[in-house]
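Both complexes shown next keep subunit A, but they swap its partner, so subunit B is in the first and subunit C is in the second.
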Partner chain A sequence: MSAGTAKLNVTVAEVKPINDLVTRFKFVRTGGGGLPTFSGGAHTVVEMQDGDITRLNAYSLMSNPADRGAYTISVRRDDQGRGGSKFMHSKVKEGMEMVISNPVNLFSLDLRAKKHLMLAGGIGITPFMAQMHQLAMMGGRFELHYSVRTASLGTYAKELTERYPGKVHVYHDDQKEAIDLPALLANQPLGTHVYVCGPKGMINWVHGTASEMGWPREAVHSEEFLAPASGKPFEVKCAVSNKVVQVGEHQSLLEALEAAGIDAPYLCRGGACGQCETNVIGYDGKFLHHDHWLTDEQKAGGKHIMPCVSRFEGKTLVLDR
Partner chain B sequence: MSKTEFPPSIKSRPVYGELEARPGGGHLMIADAEGAEAILDLAKTVDKDFWAKAHIIYIPKKTGTKYSSQLEALGAGQYYCGPSYEAAQSRIRRALQDCHMGTQVYLTGTESLMGQAMYEATSAGIPHTAIQTEHRGSTARRMQCVHCKGITEDVTTDPFECSHCGLSLFVRDHYSRRIAAFQGVRVDAEDPGNIPEKVELFK
Partner chain C sequence: MTIQFNDETFRGDFTFRNSEWAIKRFPFPFHEDSYMYSVNMEPHTSYRPGSVFERTFDVDEHYVSEMKDRAQVLADDPLRCQSLPHMTLAGWDLVELIMEAKAREYPDLFELHKNGNRWRWVNKPLGIDDTFTFLDESTLPYGPMEYITRQTQGDFAMLDQRDDNLWMDAGMVTTQADWSLDFDIGMNFFEWHAPVPKAHEMGIFVRALKFLLNIQQGQPARRLNWTMTVNPLLDTSPENYHKWGEMKQDLTMENLGSKQHLRVELQTFFRLPRSNALVFPIRCYLISFNDLVTVPKWGRRLHRVIRDLPEELATYKGFIDNRPMMVEWLSQYDDGSPTSDGIWADDD
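Showing the complex of A and B:
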């Protein structure tokens, strides 16, 4: 698997449960030395050796971007998921050696902004933590609105409120508190950029409301990594490498290509970056496009697929790989 | 005066579109001379409520009172008519300071007006791609002399004399967003005194 970014060998320095769902992991460089600096919003892809399956999941870095001593991520356990987060929660222990990718940033701050307005839902808080470190260091102007289910699941809410007094606003679903988005957006000074990270519904709500209110598209930023969907097994022919590959029920097409030793690029593994886009040479069946990279036209055109999250149902699929 | 089709040019040369009413918390319209026509055209597509949230800043230039009463009659929440861009500048800055995200900015008229107002609006924090422009009226250019840095307004010929240092300058399509001007380069630098005949390029 050569197709991601450069790899880093790290050792797990700390595993700390934060609440019922979230555990925090700290990585230091194996054998000592500094890690590359990154910018707020960056993620790393963590490789998990789960028996004979290699799982790769992207997680946002939440530590101070200027701190080269360690990287920190937070993982929310997803019992319905395909096993990556469960592996992190149950198998990863302090002292374990792991491989992670160099940081990649698909959700960076627009430093031309005069003010940064951040909207987080649940575990979507993590990229903002690094961004707030960065902005606090630079003296940037920011404000965070953070929506959580309950106070006990408000991961880092207390810590952030203390660290950035007056800048952090927390909303509890169970107390029927909600972000008054139209009012919030209506009062932002010119030059404000808004950033949203959270569930799909929240992201759509922010994009939709902002555009109805006349916000420029360039001033609205979001990040959502999708988990690869499971589905019926299918078969794919790889024309370049001349191999036929079986894609299992809980395996993504990208994972199947990797398992077959086929060079397949990726950066996010969540349908967001465009890096894995692959040309379709021929097919007989239907695509299940799950990404938010291809345009609707491209999806209908049957010439491209994003192997990290999308699937296929039908007789034959031939890819340019 | 009707719209101008500009011939294809280099990348730095700005291109202009056609104003359309877009949803927003406010509408800041800055126009000079025949730019008024673009606003009057846009007015045909909107209802009365639109104008309550609008602010028109208008510089008639040579058109005198031809359009000003029509613009005033649109009933914008705020209307200002001023003698020159310089006179209107503090008003433009103030308007931008006071407005919030979601305000739509519409610029129309000469390239000089649009370029300078664009600079103010982008400095205030609006991405330039979100600002609408429509060219109307004179194609005279605002030129910067690359030698003395002086700016000459309303240049209509190529070459032209820099109004600051007096050199004869060749009119380039190279455009600077920061100073909202095209670049003028000495036309006889290689062969002093050999100045080609002036051609009236712009009206």
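Showing the complex of A and C:
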């Protein structure tokens, strides 16, 4: 399959600051007409023309999946990041035309579940908002436990508490409130599925606790998109396209391949989906694997790399691209 | 209506026939003079006006008669259509996909009028004019998947995606090449492909699964598969093997041209938006050897493919006993000249 996903031309219909860190964006189809429906947990990849650089970031769709009139996403500003979220916050204005991908879901609900238990940390709330819309429409049983730093940074906490009375529980870090995960997991009906989206520590904590308590692996779902790490510049030889590509300090390997006009597939650009997996033909140096996709064995084997988030340090790297 | 629908049967007196139009657009599956498994997928985009690859769901002269045959199969065996409870939403996805595509691509045959969730569906060839509420099962005479697939040619495997695998959790399967939904339902991708010889060692299924898991909304894919059937039977199910298996013994050099049929499946693959499930419509096309050899390239090539096919594949596809006779019959149409690349007849 060729690179990327089918594209949608959209116009920014609304830019709304939600709190000090988070801004919400609403997209409608340019020229009118409906957008595709999607399933709760799906994301879209937003293309940003930032001068000479095309940035592509994945953001979870948070609007009602059945609403074909508009998509909404929320972007948390990351001042230490590589610039995607800053671009969204500073450059994207109402009326602007943008290109986004068709929805892709790497975090879908298990529709067999008797109950859906959702655990969110910070901006990890967004995929759950679409999932709750979907479950409310279908009459599904769900419960959300949402951990925020402070009440003022509790993105959509008030709105969700009002929309789903009795189903939403908010925990404030600054008030030393924390999810009592063992108690929560111990009290779920048989057939419950757990979903977690938030910082890496939270995801590991939920998987680890559930596993220790005997939960089946298949009943615990998580999603975390990683930002591509910065690092020392390096050089890559691409055997198929016969090109030598320089990867900059703040550029990902995937972005460097794209800039060189090399066909490189992707879906999430965050180390989760596996689509960009690339065979390594030869190397002399050290891989810096940052992805969730390859197994530890594969990472040690030196035959595969995920160009969206992983890097390399050393003399030569030859890829099958 | 632009298509003249045949009044024909796929059982009993076997009055099924292909018009010259249907022969010319038949999806001949061999692009070269030999055959081996491959993950031969391509994007399911409109291709060659008039071909079976032009529309999202191909409708042809067999439509009305195939739907009558499906109704008969279901009346005899309701287990040919099953849907586990969590697949109902995927069924609605399929209703939307098929109705929108057919109304858009065959406006003279099908109409879809939406007023919010209140939809009116008009199917002129089958004389259906129904109004229902989208996502409300109580407003349809059947579950959503059964409702729409009783009106759409081809089998439908509905697959749930979870744990990095695909699970056959619903389907409408009445025109299958000797496999059973009732047996496979609830199985994952590797389980239901377990009987296929050679392909496992070749790593075909690992690669195919990876490809399928990554099929995205708005980017459907397709491939062709094939087998052989004696008499134009749509329902070659294991459940009915006692009825059709013995027909394989009726083949003679005299009747082979009319009785032996190449059976081609056009398999398409769509990601469904609301459920994130995948649907595999598997459309069956039949052509008698007599009709097939009217295209000289196809006659020459089929002779070489069948002659050289590995024994395991001829066994798996169920025609090993008749292969010598098929090869001898087809050899009359192979003058040894080279064939051109690709599946299309040379006179195009």
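We take it that the second predicted complex is superposed on the first by the 319 of 321 C-alpha atoms of A that agree within 3 Å, B and C clash if a C-alpha of one lies under 4 Å from a C-alpha of the other, contacts with A are read in each partner's own complex, and residues count from 1 in each chain.
In this section, a residue touches a chain if its C-beta (ideal position, glycine included) is under 8 Å from a C-beta of that chain, and two chains touch if they have at least 3 such contacts.
As the structure is a computational prediction, the values presented were derived from the model and not from experiment.
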Based on the superposed arrangement, let me know which partner A:Gln275 touches: subunit B (first), subunit C (second), both, or neither?
second
Contacts of A:Lys114 with subunit B and subunit C, given as first, second, both or neither:
first
Check whether subunit B or subunit C contacts more residues of subunit A in the superposed model.
C
Looking at the overlay, what does A:Ala6 touch: subunit B (first), subunit C (second), both, or neither?
second
Examine A:Pro65 and indicate which partner it touches, taking first as subunit B and second as subunit C; both and neither are also allowed.
second
Return first, second, both or neither, reflecting whether A:Leu185 touches subunit B, subunit C, both chains, or no partner chain.
first
After lining up the shared chain so the two structures overlap, which partner does A:Glu218 touch, if you call subunit B first and subunit C second: first, second, both or neither?
both
Overlap the subunit B and subunit C contact sets on subunit A and report the shared residues.
112, 218
For the complex, give me every residue of subunit A touching subunit B.
112-114, 185-192, 212-219
In the complex, go through subunit A and note every residue touching subunit C.
1, 5-6, 36-39, 41-42, 65-66, 102-105, 108, 110-112, 134, 137-138, 218, 267, 273-275
Of all residues in subunit B, which touch subunit A in the complex?
22-25, 96-97, 99-104, 124-127, 129-130
Name, in rising order, each residue of subunit C that touches subunit A in their complex.
43, 84-87, 89, 96, 135, 160-163, 210-211, 214, 216-219, 221, 273-276
